[in-house]
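Pasting the structures here.
Common to both upcoming complexes is chain A, partnered first by chain B, then by chain C.
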Partner chain A sequence: MIPMIDFLLIFRILVFPGFTFIFFLALFCEWIERKLEARIQNRVGPMVAGPSGILQPLADIIKLMTKEDIEPRDTKKWVFRLAPLTAFAIMVFAMCFLPIDGASVLSSGTAIASSGFNGDLIIILVFATIANFLLFLAGWASSNPYGTISSARVLTQFLGYDIPLFILALTPAFIAGSLSIGAIAAGFPYILLAPWAFVLFLITMQAELEKGPFDVPHSESELVGGLETEYTGAKLAFLHLTRDVQLVFGSALVVTLFLGGPSGPVFFGLDWLFYTLWFVLKLLIVVAISAYITNVFARLRIDQVLTGNWKILLPASLLSLMLTVVLAIWVYHPFGIGV
Partner chain B sequence: MAGAKTWARTKSPWVLHFNSGACNGCDIELLALLTPKYDVERFGIKLEPSPRHADVLLVTGCVTQQCSERLKRVYDQMPQPKFVVAIGACACSGGVFEGNYSVVGGVDKVIPVTAYIPGCPPRPEAMIDGIIKLLNAINPPKKQKQIQAPRAKHTTAEVKQDVKL
Partner chain C sequence: MGTNIGVYYHVHTSKSFFTLKAEVPKENPRLKTLIDIHPGALFHELEVTDLIGVVFEGNEFHGHFVLSENWPDGFYPLRKDVDPSKVKLVPTPEREANKAAEGRQVKIIIGPQHPALFEPAKFSVTVDGEIVTNVEPRIGYAHRGIEKTTESRTYMQDIYLVERVCGICNPCHAYGLVGAVEKILKPDVPERARYLRVIALELNRIHSHLLVLGHAGLEIGYETIFQYFWRDREPIIDLVELTSGNRIYSSLITIGGVRRDITPEHIPKIKSVIADLRTKLPFYRKIYNDEPTLRLRMKGIGTLSREDALKLSVSGPVARGSAVDMDIRKDLPYEAYGEIPFKEIVYTDGDTWSRMNVRLDEVEESINIINYALDHLPSGPIRVEVARSIPVGEAVCSLEAPRGELFYYVRSNGTDRPDRVKIRTPTFANIPAFLKTAIGESIADVPSNFASLDPCFSCTDR
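Our next item is the complex of A and B:
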């Protein structure tokens, strides 16, 4: 018997809402971020490439892809070549578990609640950690003092902030009573039931994405280009793309866990279109908040980042989880809220 | 495909600043480019920290004997295609330091220069004009609408015509 080829699934993975859509969404979010940053600094930002400079990130990527690719002699060749590409691939794969158009990319078009499987929340968090670790390897393999210091800082930072991130991601899971992303996204907007966890999650996400005020791994005034210092051409393009997709992934995770994911009013029976619209709109709000935090606060020192992590954020996230468990068991669940 | 390549290259020139023994006059004017008043990010120009990321090397200063080796090395570290812009009278020809025993005098004695922006120091408008002329030389205006540089009073930037990608 010839196995049936699921063309819908292939289309979903490669075009919409899979690879192509995620790629352009990431570039679009970078543009939004650069424009917001420019406006906050009283500038106008990119203007020449496309209308209002909307094609600027695409121009950057194409330019980098077509530049000469230099490999310095002392680099660990295979890690140097593979780490940026693998990090990008894993981030896109992690994005595929999120219900962008109402169902996760890997399921062929079902309802929000039943897409995915129980436990995929843990899996995508693990993917995000692996991608961060690959970025560390990328810097380490470039055998450049700046890249090495930056890598060490990446490792120090993400080892710390992963724990609060996991704990805080469990908050909506506890209220929803499920570890499936679909079930969490289909439920209530949990920002209303656990606003404290939302605020803590946003802060932790800033640190996890190495955005300001936690951007010590690539502080330009100290570390030149950070872990990207030795990278040129296509490899640098993939490192940039990884950062962009990480930003989108982080924001999408906030949207899915706390803002009700793609849920919203649907008209004309076009579920997928309106689900995507709501998802992207909520995503842009989170990206805007993140860009605002990045630009308003000054960069912390590495010791302040670590102190903030182990002494403030970790206990706070544990307290948040306890509060959520108490409320979920004795208040929310008996009255049928948020299940 | 080639069109997209040229388009991308003219729309996203990332620059690296190299001071080869300047008096800091040109450097201050150069940094003014990146401030909100002139904001060259409009043209996609970003100041990059590492020579590995840069497309355009902006050199200020008269190139001292000690610096010439380093200038050559930084230039060699940049990936192809790369362009060099000499900013200020010293970088163009050695300026008032011409003939000094410790000075090579002029960036083009060490590495190939694509565009010269004279002035002591050149105004930021002149630098924008020079960079835009460089971009238009990469992608000739007949193929595409010319990028309009903001009106500047004192621009005397000259660009070599035989720029190749």
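Our next item is the complex of A and C:
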């Protein structure tokens, strides 16, 4: 028997809403972020490549790809080479579980609620952690003191912030009564039912993405280029791409868990088009909030970042979970809200 | 060319100024160190040892302090009888790398090239985990021998040369030399020139302070405030261009007066620009007072007590941030400062936050001073003709540069060239304070603590 080749699935993985779409969405979000950051800081931002500099992130990637690739003598060669690429691949793979056009990339176009499987929320959170760990390895393998310190900070920071992130991600899952991303996204905009968890989740995400005021691994006044110090050429390009996809992934997770994912009004029966549109628009709102937070605060010190995690965010996320459980069991579920 | 070397100690106490003179034989120039009486003399003695060869017992230094590492021992470039053609450079020693120090400690080299330093200097910071346990400085990477070069040029050429000591506070350096020369020559400087000099110096203070306020933001990862301060600094630099003809090197102050006048058409323009800046200051003050992350990174960081500040003889905003009420404009008024009312800004906490707030408040005071000077600008000439040759004599000029007390000593020998010019810059006096306050704090606070001194290495090295 000749195995059936699912061309639709291949198209979904490679082109839309899979790899190609995610790649350009990441570059677009970087452009939005840079432009917003520039306007907040009273600058103009990218201007030259494309209208309003929209092609600048792509131009940067192409430029880096064509640059000479230097490997310092003392690096751990294979880790140094593979870590950036693997981190990028894993981040894109994690994105594939999110219902970008109404269904996860890996399913061939069904309704939002049934597009995933129970437990894929845990899987993508683990993928995000693995990608962070690979970034740590990337800096560690470069055998540069700045890279090493920066890597150590990446590790301390994401180990700490992963715990509140997991706990807070359970809030909408608990109200929805499912660990499937599709079911949560199809449910309700949970920001209305658990706004406190949304705020905490945004802050934790900011720390998880190593953006200001939690960007201690990248504090250039102490650590020069951080874990990227020894990287050049294509490897550096992949590190930058990983960062961009991480940003999109983090924002997409916020959208999926709290803002109702791709749900929204659909016209002319073009559900995939409108689902994608609503998803990207909500995503951009989260990116804008994140850019705003990054730019109105000074960078914290590593000990302040850790204190903030263990003394404030962790207890707060536990409290939030308790509150959610109480509300879900005695208020939301009896009245059929959010299920 | 004599057989003795004179060692002068210029001492500036709270309201008075005096000089101690000592002489040592050139054959065996040794003196007892002052650092056990006054720790602030540490750097000054080391510099004299390196450049002139007077050894201070109890404060010896191995290797070079200011000079390049491949400079041979036994050649002291500031002595009059040194022959440059005889200098044979020795091979450069191996560069120091980051390495493990004793036990758990790691030595991190900050500089000479480092993103936190915009000018070359090196600090070997020993850290235990994240806590700094020792800091060793090495300066001199931008040493250009300006003090020596002044001796082979005329006074008029020297004004332009000493302006190149530092790009940011160049009018202060020009005034330092001019002020000292005028004390020997005693020309009748017109009233109007004295007010124009004050305006030039205060415009310089504003743009220098805005620069460091922004730079400190960059060091604590607050890029937004960096961009805002530097945006507001641009119009002030435009004013410098309007009043002097040049954006940075104003070359305005000269012996006997100033080179360029402010016309009546300029006055409304200057006033509107500084009034515009004044409207923005409450916003910045609000950020410095209320922004929680900024306070976390600046409050209680790099705390220098009043006693230590006096002991280490720090100057300028660093001293005033540590409750030392020392402002040369008030203590020993020069030019028109005695006639202009202004407040001396003193904060008592002694931390990074206080030093930055001193600067923020001084910007407002400078705006007041410029406004007053423009309103009370006397009429008349701006310059008198002076002789090219300066009679034999010596004089000191001390002034309040944006970074602190700038000190010039000039000795003339009756020709049109100086016999000796000594420049003591504020950063040189303030670095010991950083060495003291950095110890025991996190390595992450080193850049912001250091930036709060407003360091300038091209000043320090000369």
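Rule of thumb we're sticking to: the second predicted complex is superposed on the first by the 339 of 339 C-alpha atoms of A that agree within 3 Å, B and C clash if a C-alpha of one lies under 4 Å from a C-alpha of the other, contacts with A are read in each partner's own complex, and residues count from 1 in each chain.
Keep in mind that, in the parts below, a contact is a pair of C-beta atoms (placed from the backbone, for glycine too) under 8 Å apart; a residue touches a chain by one contact, two chains touch by 3 or more.
Treat the numbers as computed from the prediction; the structure is a model and nothing was measured.
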For the overlaid complexes, name the partner, chain B or chain C, with more touching residues on chain A. B
Just checking: does A:Leu318 make contact with chain B only, chain C only, both, or neither of them? Give me first, second, both or neither. neither
Could you tell me if A:Leu327 is touching chain B, chain C, both of them or neither one (first, second, both, neither)? neither
Examine A:Leu273 and indicate which partner it touches, taking first as chain B and second as chain C; both and neither are also allowed. neither
With both complexes overlaid on chain A, does A:Glu68 touch chain B (first), chain C (second), both or neither? first
First, second, both or neither for A:Arg43, with chain B first and chain C second: both
Based on the superposed arrangement, let me know which partner A:Glu230 touches: chain B (first), chain C (second), both, or neither? first
First (chain B), second (chain C), both or neither touched by A:Ala59: first
Taking the contacts chain A makes with chain B in one complex and with chain C in the other, which residues are shared? 41-43, 220, 224
Please give the residue numbers of chain A that touch chain B in the complex, ascending. 34, 38, 41-49, 53, 55-56, 58-63, 66-70, 220, 224-225, 228-233, 236
Residue ranges of chain B touching chain A (in the complex, touch as defined): 4-5, 7-9, 11-12, 36, 39, 41-44, 48-50, 52-53, 55, 77, 79-81, 147
Given the complex with chain C, which residues does chain A contribute to the contact? 40-43, 145, 212-213, 215-216, 219-222, 224, 295-304
Which chain C residues qualify as touching chain A in the complex? 98, 108, 114-116, 130, 217-225, 227-228, 231, 291-294, 296-297, 442-448
